[in-house]
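Next up: some structures, all given as structure tokens.
What follows is subunit A paired twice: with subunit B in the first complex and subunit C in the second.
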Partner chain A sequence: MSTSQQTRSGALAGLVQRHGALGVLVLLLVVGGLAFDTFLTAYNLGNLAVQASFLAVIALGMTMVIVSGGIDLSVGSVYALSGVLAAYSARWGPIAALLVPLAVAAAIGLVQGLLVGRAKLAPFIVTLGGLLFARGLLQFLTAEGSETYLVPRESAFLQLGQGSVLGVGVPVLIVVLLYAVGGIVLQRTRFGMRLFAIGGGEDAANLMGLPVTSTKVGVYVLSATLAGLAGTMNAAQLGSGVTVIGVGLELNAIAAVVIGGTLLAGGMGSVSGTLAGVALLFVIQDLINQVGGFNSNLQAVVSGAVLITVVVLQTLLSRARR
Partner chain B sequence: MSEVTAGIRPGSRAHLVGLARDYGVYVALGLLVVVNLAITPNFLSVDNLRTQAVQVVPVLVVALGMALVIGTKGVDLSVGSVMALATAMLPMYLGYGPVVAVVICLAVGAAAGLLNGSLVAFIGVQPIVATLALLVGGRGLALVISGGQLREVRNPEIRELGAGSAFGVPYTVLVAVVLVVLVSLLVSRTTFGRQLVAVGGNPRAAEFAGLPVKRVLLGVYVLCAVLAAIAGVLATARLTASDPSRLGELIELSAITAVVVGGTPLSGGRVRVLGTVAGAVLMQLITATLIKNDVPASVAQMAQALIIVAAVLVQRERNAS
Partner chain C sequence: MSSSEDMSEEPTAQVVLEASGIRKSFAGVHALRGVDFRLRAGEVHALVGENGAGKSTLIKVLTGVYQPDDGELHYLGAPVSFARPAAAQEAGISTVYQEVNLVPSMTVAHNLYLGREPRSGFGLVDFRGMRRDAENLLEDLGIDVDPRRQLGSLGLGVQQMVAVARAVSADARVVIMDEPTSSLEPREVETLFELIRRLHERDVAVVYVSHRMEELFQICDAVTVLRDGRLVHSGPMYEMTRLELVSTMLGRPLSEVRREGTTAFGGDHETGSTALLRATGMSRRGVLGAVDLSVKPGEVLGLGGLLGSGRSETVKALVGLQSLDAGVIEVDGRTVRRGSAASAIRAGIVLVPEDRKAEGIIPHLSVRENIVLAALPRLSKAGIVSRARQDKVVATFMERLRIKASSPEQKVNELSGGNQQKVMLARWLAMSPKVLLLDEPTRGIDVGAKAEVQSLVDDLAEQGLGIILVSSDLEELVEGADRIVVLKDGSSVAVLTDSEVSVDGVMSAIAEGGADE
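Then we have the complex of A and B:
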């Protein structure tokens, strides 16, 4: 094989790796639109977008963490905890309902970040501890899950989840805004460049004199805060703090990030890919619903199969690029 | 713990930390027993000891496999879903007799392990993602197979396995003891065990030394999944019902905790089987102690989180020194 051919196939492999999720998404949208009358309607897609918005917010933070070579397993628990805190604090007004959960989430992220960044513990085990701790705290606050806090009916806080501007749901608008900012942060700022550098090779980043510790602390605070925001938005949409949500959500977020072309080894990834990954997961789920007659458990099987396929393809593709 | 993490360490302190990592779990276990003798009524009663032993069995059996996988620097998140698959298969094949049904459950476990192992060994997918896929899909598949329903298990042999005992020791506990001995012998006395530790310590060096790295990895994931399937069968027998939607949920976390608390480092290259047993029993006793003394389950869970992080902090000190 000549060198030019090699580069060309390498470039093609890179393209598929980065934009494969988007391609499959478009394909599924077209197929779904042709097959089901009720699929490509503004109502259905709008609903789908609001449902997907919570995972999208979490997956944004997860993307940054994974780019830095880490992982955050605590997001599902932090998400649920924040929802309960938001519903509880809503009695003190909408500002409190927003700030209390975000502050607690950020504090959890700070502790995790310090343990990973400063004490140099494995992110996987630290955030596993965070997962248990946040879930335990949630159970503690709700009298072992028996108490459900309701957001006061007239609270302006509910608009965060239920409101809409020009027919587009507020959660969807938040997602669009966050991904625009997130894309700029990851691709155009010093913080983003440091994340790539650390994920690409931590020793090298250290030798270059990059502030590895503070960057790592920052990214775990960011991830936890975004998970907190997602939980807050969810509480606003449901009007209450539901205690049983968010179990296994971290896995969906990781799946979306990986499907979106971000390497789990770190050092490479994009937020636009993650958004496509989240959308893909929800479109697959909706299409299975549209087909009907299928067991809802089949969705999990399909998600797992999609994840395996994507991961295998990605690994083979990144080998082809080398 | 704060003493241990202080900046400058003379050699003796590093030595102490090493001891804390290697034997800390036994000391903690001893302390906990003493505390329980003092504050928990009826702690030493045969009934209580039997209850604790029976409750720890599924986590312990899963943790044995997890210790092997972690020894190779990997992790297996799919164990809970493999348990669900086993419990879903069991009632379907009981018509052919309990032995056939159990063998089929173990075969399904082996197949799951082959999938995980192939992804890790041949394709080179990171263990977290490879086993994540089966965690997501496996339970779904178990629910599709079983129709999502809880099924009562009426087979007398399976019921006897769950409820019966020999010489006052429940059968499930006996099975767990046999498995502990087998895994312990596997690690310390066989070529496979040595190869496993070598692969975990330094995969490249192991490859250069001509060890069958891929085959070892494959074998480890198959073993872990088969042990998870056994745990699924034992738990089903004890519950006398097959409940694929709940069985084994979050057990991967308890198993990883038991392994780490027991002194097996997450960085691989070392497997401590007896430490894992002590780790599983310790975590079970901590939860039981807190709950028996009217501490809410939520606080017990937060305590568990702190113990995990503390255990890893101690290990880090050893690695750094």
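Then we have the complex of A and C:
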């Protein structure tokens, strides 16, 4: 094989790896639109976007963590805990309802970040601990779920989840804004470059004199804070703190990130891919609902199959690029 | 021995870095016992010594990784102490490590400027500026590579150039290179030397650490020899012959070194008449074209060729670790199933792989466990491993290969590179093989251990083993092998015998090979 051929097929493989999720998403939207009248409607897509927005916010932080070569298993629990804290704090006004959960989430992220970055413990174990800790704290605060906190009906805080601007839901606008900023942070700032460098070769990053520890601390704080924000938005949408949500959500987030073309091993990835990955998971779910008659549990089966397909493709593609 | 600074035939360039009376010990073990080191602007200064002589410790003191227990550092005439590696880097002392220490998944430009990216407004990284700077830097240094390429897609040699470029781009006055050529091809070494000459023109001082004698004499102006943490010699390179340098390093009398040569290989071996292993038409699309080779009992067959010519793939194919599309491998006339490591081992073919860290030793296991690993099935009955038989095997090989370890239970990652390599050899010799494949057996180990491994190879051949030796070190290949098969682009292009087995012979076979077929 000539070198130029190799480079070209490598470039093509890279393109598919980065934008494969987007391609499949567009394909499904077209097919779905042709097959079902009720699919490509503003109402349906708007609803879908609001539903997807919570996972999207979590997956943004997860993308950064995974690019840095880590993993954050605590996000599902932090999400649920933050929702309850938001609903509880809403009695002191909308500002408190927003800041209390974010502060608690950031603190959990800080502890995890210090354990991973400074004490050099494995992120898998540290954030598994975080998962149990946050879920346990949630059970304690709600007396094992028997106590439900409601957001006062007239609170402006509800707008964060239920409001809309020009027909677009506030959660969706938040996602658009966060992904725009997140894309710039990951691709265009020194912090982003360091995440890629640490994920691509931590020893090398250390020898180059990069601030590895503080970058890692930063990324776990970011991930936990975003999970906290997602939980807060969810509480605003539901008008209450629900204790049973977010179980296994970290795995959905990881799935969306990987489907979006980010390497689970770190060092390579994009937030736009993650957004496509999140959208893909929800579009698949909706299409199965549209078909109807199927058990809705089938959605998980299809999502699982898609994930496996993507990982197999990624592996084959990265081999082709070598 | 007196040092050269009081000799006045050289125009004395400015001293950029000077260490005097450096002492450093770890847990009571003296690594450096009062070492002086003086580096002048624009010189290429070889720092040599066996492993454990204190080279790495001295480098780490110079670059701020370690703080000396005693002694002084002067940089550009002023006393300094570097608290962290970053401090030394900022002052202008950069290091290029043995293994390329860059991020393979990022582009060349990123790797050059990571940690000090140029920024435009709003604190965003200025990619266009970064690429332009990278292009200028690479062009200045005569490195022909597109800064937009992903680093991992480039050859190791080019990656090493990028590492050097990164080191000098920080306005370095001193660049320390720790075995920069250990994974480079001869051609790539030339390019690196070209780069070093450019650094010399820019008055950058280079500290060059290498075990490869020919390189030291080719590129270095001055040499400092350490032994057991002490300075034993410092002076201009031209004042020394190669033998003198080796004998100074080893602390052995010149006559002894002269008698034994610079490698420890003996002469030719008594070889059997019929082939022990014969491989014909080994091919794999995109990897191997057509490789034919054979080894007789007692023979050392060398595999020559450039990196990427298919040497490692060939030996891997012989033990079933590289799948083949076609080809026949026979041991004692019986065909071995292709692509099956188990049947290769049953037939008596074993491989000591090139990358002992990734493919060989298991660092957290003991010497004993590492040695018996492959032989476990033979040492056990009904799945129960006999400890007594293990201990016997381990004791035998530790003695026979002179493995230096505090006990068989010492963790293997605590041993020196040479002893790790011997543990690897022991693992496969414990399988009582017929054919032993050695892929770069002496890479990255010091001169003394190298000699021991080389003489072991000789002994093993004398005992009737067929040996295939892969080495990038041409001298080692030529002195070690009885016959050499030269590979080029995945095919065997020449077989060198008797007087053709020479450095020139291999070089010309690589240069001309394939053309006449």
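By our rule, the second predicted complex is superposed on the first by the 322 of 322 C-alpha atoms of A that agree within 3 Å, B and C clash if a C-alpha of one lies under 4 Å from a C-alpha of the other, contacts with A are read in each partner's own complex, and residues count from 1 in each chain.
The working rule: a contact is a pair of C-beta atoms (placed from the backbone, for glycine too) under 8 Å apart; a residue touches a chain by one contact, two chains touch by 3 or more.
Just so we're clear, the structure is a prediction, and the values are computed from it rather than from any experiment.
Enquirer: Taking the superposition on A as described, I'd like to know which of subunit B and subunit C A:Ala119 touches: first, second, both or neither.
Expert: A:Ala119 contacts subunit B only, not subunit C.
Enquirer: Which partner does A:Ala255 contact after superposing on A: first (subunit B), second (subunit C), both, neither?
Expert: First partner only.
Enquirer: With both complexes overlaid on chain A, does A:Phe133 touch subunit B (first), subunit C (second), both or neither?
Expert: A:Phe133 sits against subunit B, while subunit C stays out of touch.
Enquirer: Once the shared chain is lined up, is A:Arg188 touching subunit B (first), subunit C (second), both, or neither of them?
Expert: A:Arg188: touches subunit C, not subunit B.
Enquirer: Could you look at A:Gly267 and tell me whether it touches subunit B, subunit C, both or neither (first, second, both, neither)?
Expert: It touches subunit C, and subunit B stays clear.
Enquirer: Using the touch definition from the top, say if A:Leu207 reaches subunit B (first), subunit C (second), both or neither.
Expert: second
Enquirer: Look at A:Leu316 in the shared chain and tell me whether it touches subunit B only, subunit C only, both, or neither; answer first, second, both or neither.
Expert: first
Enquirer: More residues of subunit A in touch with subunit C or with subunit B?
Expert: Per-residue touch count on subunit A favours B.
Enquirer: Answer with first, second, both or neither: which of subunit B and subunit C does A:Phe196 touch in the superposed model?
Expert: second
Enquirer: Identify the residues of subunit A that lie in both the subunit B contact region and the subunit C contact region.
Expert: none
Enquirer: Taking the complex as given, what residues does subunit A use to touch subunit C?
Expert: That would be residues 1, 10, 184, 188-190, 192-194, 196-197, 199-201, 203-205, 207-210, 267-268, 321 of subunit A.
Enquirer: Would you pull the subunit A residues touching subunit B in the complex into a rising list?
Expert: Interface residues on subunit A, with respect to subunit B: 71, 115, 119-122, 124-126, 128-133, 135-140, 144, 248, 251-252, 254-255, 258, 264-265, 295, 297-305, 307-308, 311-312, 315-316, 319.
Enquirer: Report the residues of subunit B in contact with subunit A in the complex, numbered from low to high.
Expert: 5, 75, 119, 123-126, 128-130, 132-141, 143-144, 148, 253, 256, 260, 266-267, 296-302, 304-306, 308-309, 312-313, 316
Enquirer: Looking at the complex, which residues from subunit C come into contact with subunit A?
Expert: Checking each residue of subunit C against subunit A gives 85-86, 89, 95, 97, 101-106, 110, 114-115, 117, 119, 123-125, 127, 153, 166, 286.
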